[in-house]
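Going by the order they are written in, the chains are A, B, C and D; count residues from 1 in each one.
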Amino acid sequence: MTLALAVDIGLALLILAMAAWTIAVRDTFASVIGFVTYGLLLTLVWVRLALPDVALTEAAMGGGLTGALLIGAAARLRRTEATVRERPGVFTRTLAAVLSATVTAALSFCVLNLPDPAPTLAPGAAAKLGSTGVGNPVTAVLLAYRSMDTLLEAIVVLIALFGVWSLAHDRFWGGCPQLRTHADSEGILAYFARILPPIGIIVGVYIFWIGADFPGGKFQGATILAAMWLLVIGAGLAHFPPVSQAWLRILLVAGPLVFMAIGFAGIVTAGAVFAYPDGFAKPLILAIEIALMPTLVLALALLVAGAPQRMPPQ
Amino acid sequence: MKIALDIFTIFSVMAGAFFFLAGTVGLLRFPDPLTRLHALTKADNLGLGLVVLGLLPQTHWPLDTIKLIAIWLFALLAGATVGQLMACTARRGGGQPK
Amino acid sequence: MNGPTLFGLCAAALIGFGLYGLIVNPQPLRKIIGFNIIGSGVFLLFGTIARRGAAAGMGGDPVPQALLITGIVVAFSATALAVALLLRLFDEGGVVTLVSEASPTEAKADPPDA
Amino acid sequence: MTMPDFLLSAAAFVLVMVALGLIRILRGPEDVDRMMAAQLFGSGGIAALLLFGVATEAKAVIDVALTLALLAAFASVAFVQGISRPDSDDTQETRDE
C-alpha cells in the first residue's frame, strides 16, 4: 500500500512539474512538446484512479489528435511566435500569481472538505444495468441513462467543425483542408502509413466493439480511426475530400439524426423521449453507436485538418 | 514449471528495466542528438520488448498474449520510423537552433 | 492522505498553474495550452469525485466518468476551433499577439523586468 | 516477494527511469532532443502500464497500453512534419553536412 501511495505522490509531483514547465518555458514549440508529455502523464493518473474508460479516451485524444493539432499550429506560427518576447510586467504577473494561488487554495479547501461518505450514483446505475443490455456502466450512462448529453456532445463536435470550416477564405469555400506534408511516397513515413493503418483500424473497431461490456466505446474507437486516417493523409498517400461533397455531409449529420430519430420514437414506443422499449434497448443502443461512428471519425479528423485551404483539382 | 516461468519473468523484466535505465542514462549523458537517438531506440525496442517477453507467461492466452505481442510490434514499428525521421531532422539542424 | 485526495489537490494546483499561464503568456497558442491545462485540472477534480464514488463493485461512479469522456471530446473540439481562429488571424494579419504594438503605453507603464 | 509486488516495483522503477529522462525536455538544447525524451517517456509509460496491468489483473489497462503503442509515433511524426518547412531548405538536406 505504501508503494502505491509513493507512486501516486511521484506521479502527482511529476505532472505538476511538467505543467509548470509547459507554462514557464519561453519557446512555444517546446511548450507544445511538454503538453504532449503532460497528456501521457494524465493517462497514467487516470489508470491510477482506476478509471480505465477515461484513461482510454485520454490516451487516444492526447496521444493522437491533440498533439498533431497543436504541433501543426505551432509549426505554422513558428516565425511569429519567436518574435513575441515581451511578457507582462512584474505587477501583472504578481497579480496573476496571487489570483491563481487564491483559486488553488479555494479548490484545495473544497477537495479536503468533500462530503464523506461520498455521494454516488453507482448503486443506482448498477441496479438498472440489466435492463439496458450493456455490461459497461459508463456506456450505459452515455447511451441509456443520460443519452441526451451524448447527443448534444455529438452536435457540439459538429458545430465546432462548422465553425472551423466557416473560417476558410471565400475563394476556398467548399474546398479541401490540407495538412502540412512534404513526404515522398517512397520514404519511411509512407511505408509506416501503409503498414500501421490496417492494424490500427482493427484495434479501433475492437475498442469500439468491446465498449458495450468493457472499458472502451465509440469515442475512443473513433479517435483511433481518425488518427489512422490523418496518418495516411499526413504521409501524402491520400487527400482530404472537398468539404462540399454530399456523401461527407450526409455521413456527418447521419449520426445525430439517427440518434434523434430513435430518441423521439421513444415517445411513441416507450412513453418518453430517449426511452427505449423493453427488450429493444441493446439493439437500439447499437444502432445509435454504429450511426455515430462515421460522424465522429470524420468530424474529429477534419477538426485537426482545419479550414479548407485549396480548391479540389478540376 | 510455474516456478521456472516465474523466474523467466523476473529475469526478463529486470533486463528490460535495465535497458530503460541505460536508455535514460544515454539520453542524458550522450553528447549529440544522433547518439542520444541510439540510446532512445535501444530502450524502445529492447526495454519494452524484454518487459513484454517477461510478461507473456503471466497473461491469459490468447487475447491478452496477442495484445502484448501487438504492443511490442507497434513499438518496434514506431521506433524504427521515429528513429529515421528524427535522425533526418537532427542532421538538418534539429529544428530551431538556440 | 489517500490517492483520490492527493490527485484532487494536484488538480487544484493544475488549475492555478493553467490560470497563471493563461493570463501571463502573451502568445495566443500558449494561452490555448494554458486553457487546456485548466481544463485537465477540472477533469482531474471530476475524476477524484468519480473515484470517491466507488461503490457497487465499480471502480468509480459511472456518471461523472461518462461526463468526463464527453468533456474530453468537447475540450478537444473547442481547442480545434480556437486553433483554427488563431491560424485565420495569422493569415489575415501575419501577426498573432494580443499585446505588442496595440498597447505600447501599457508596456511603458509596466516595464518588463530583467 | 510475490509476483504482483515484483511487477509493481518494476513498473515504479521504469517510471522513475523515464521520468529522469524528462530532464532532457528541460535541458533541450534542441527540440529534437525534447521530442526524443517525450518518445522515451511514451515507451516507458507503455511498459509501466503493462507491468501494472498484469500485476493487478486489470485487463483494461492493457487496452490503454495498446492504444498508446498504436499512437506512439504520432506526435513525433507530426513534429517532424511541422519542423521541416516545405517552402525553404528541405532540398539541400543531405549535402550541407
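Heads up, the rule we're going with is that a contact is a pair of C-beta atoms (placed from the backbone, for glycine too) under 8 Å apart; a residue touches a chain by one contact, two chains touch by 3 or more.
Fair warning: this is a prediction, and the values are worked out from it, not measured in the lab.
Common neighbours of subunit B and subunit D under the contact rule above are A. Note on interfaces A-D and A-B: more C-beta pairs are in contact across A-D.
Subunit D has its Cα centroid 20 Å from the Cα centroid of subunit A. Chain geometry summary: the mean Cα position of subunit B and that of subunit C are 32 Å apart.
We define each chain's centre as the mean of its Cα atoms; on that basis subunit C and subunit D are separated by 23 Å. In this assembly, the C-alpha centroid of subunit A lies 27 Å from the C-alpha centroid of subunit B. The residues of subunit B that reach two or more other chains are 70, 74, 77, 81, 85, 95-96, 98, listed in rising order. Contacts with at least two other chains are made by residues 4, 27, 29, 50, 52-53, 74, 76, 189, 192, 196, 199, 203 of subunit A. Contacting chain pairs (ordered by label): A-B, A-C, A-D, B-D.
Interface residues of subunit B facing subunit A in the complex, by the touch rule stated above, are 70, 74, 77, 80-81, 84-85, 95-96, 98. Across the complex, subunit A meets subunit B through its residues 27, 29, 78, 82, 188-189, 191-192, 195-196, 199, 203.
Every residue of subunit B that touches subunit D in the complex is listed here, in rising order: 6, 9-10, 13-14, 16-17, 20-21, 23-24, 27-28, 33, 36-37, 40, 43-44, 47-48, 51-52, 55, 58-59, 64, 67-68, 70-72, 74-75, 77-79, 81-82, 85-86, 88-98. Taken in their complex, subunit C has these residues touching subunit A: 1-21, 23-27, 29-30, 32-34, 36-37, 40, 43-45, 47-63, 65-70, 72-74, 76-81, 83-88, 90-91, 94-97, 99-100, 107, 110-113.
Across the interface of their complex, subunit B is touched by residues 3, 6-7, 10, 13-14, 17-18, 20-21, 23-24, 28-33, 35-37, 39-40, 43-44, 46-47, 50-51, 54, 59, 62-63, 65-66, 69-70, 72-73, 76-77, 80, 83-84, 89, 93-94, 97 of subunit D.
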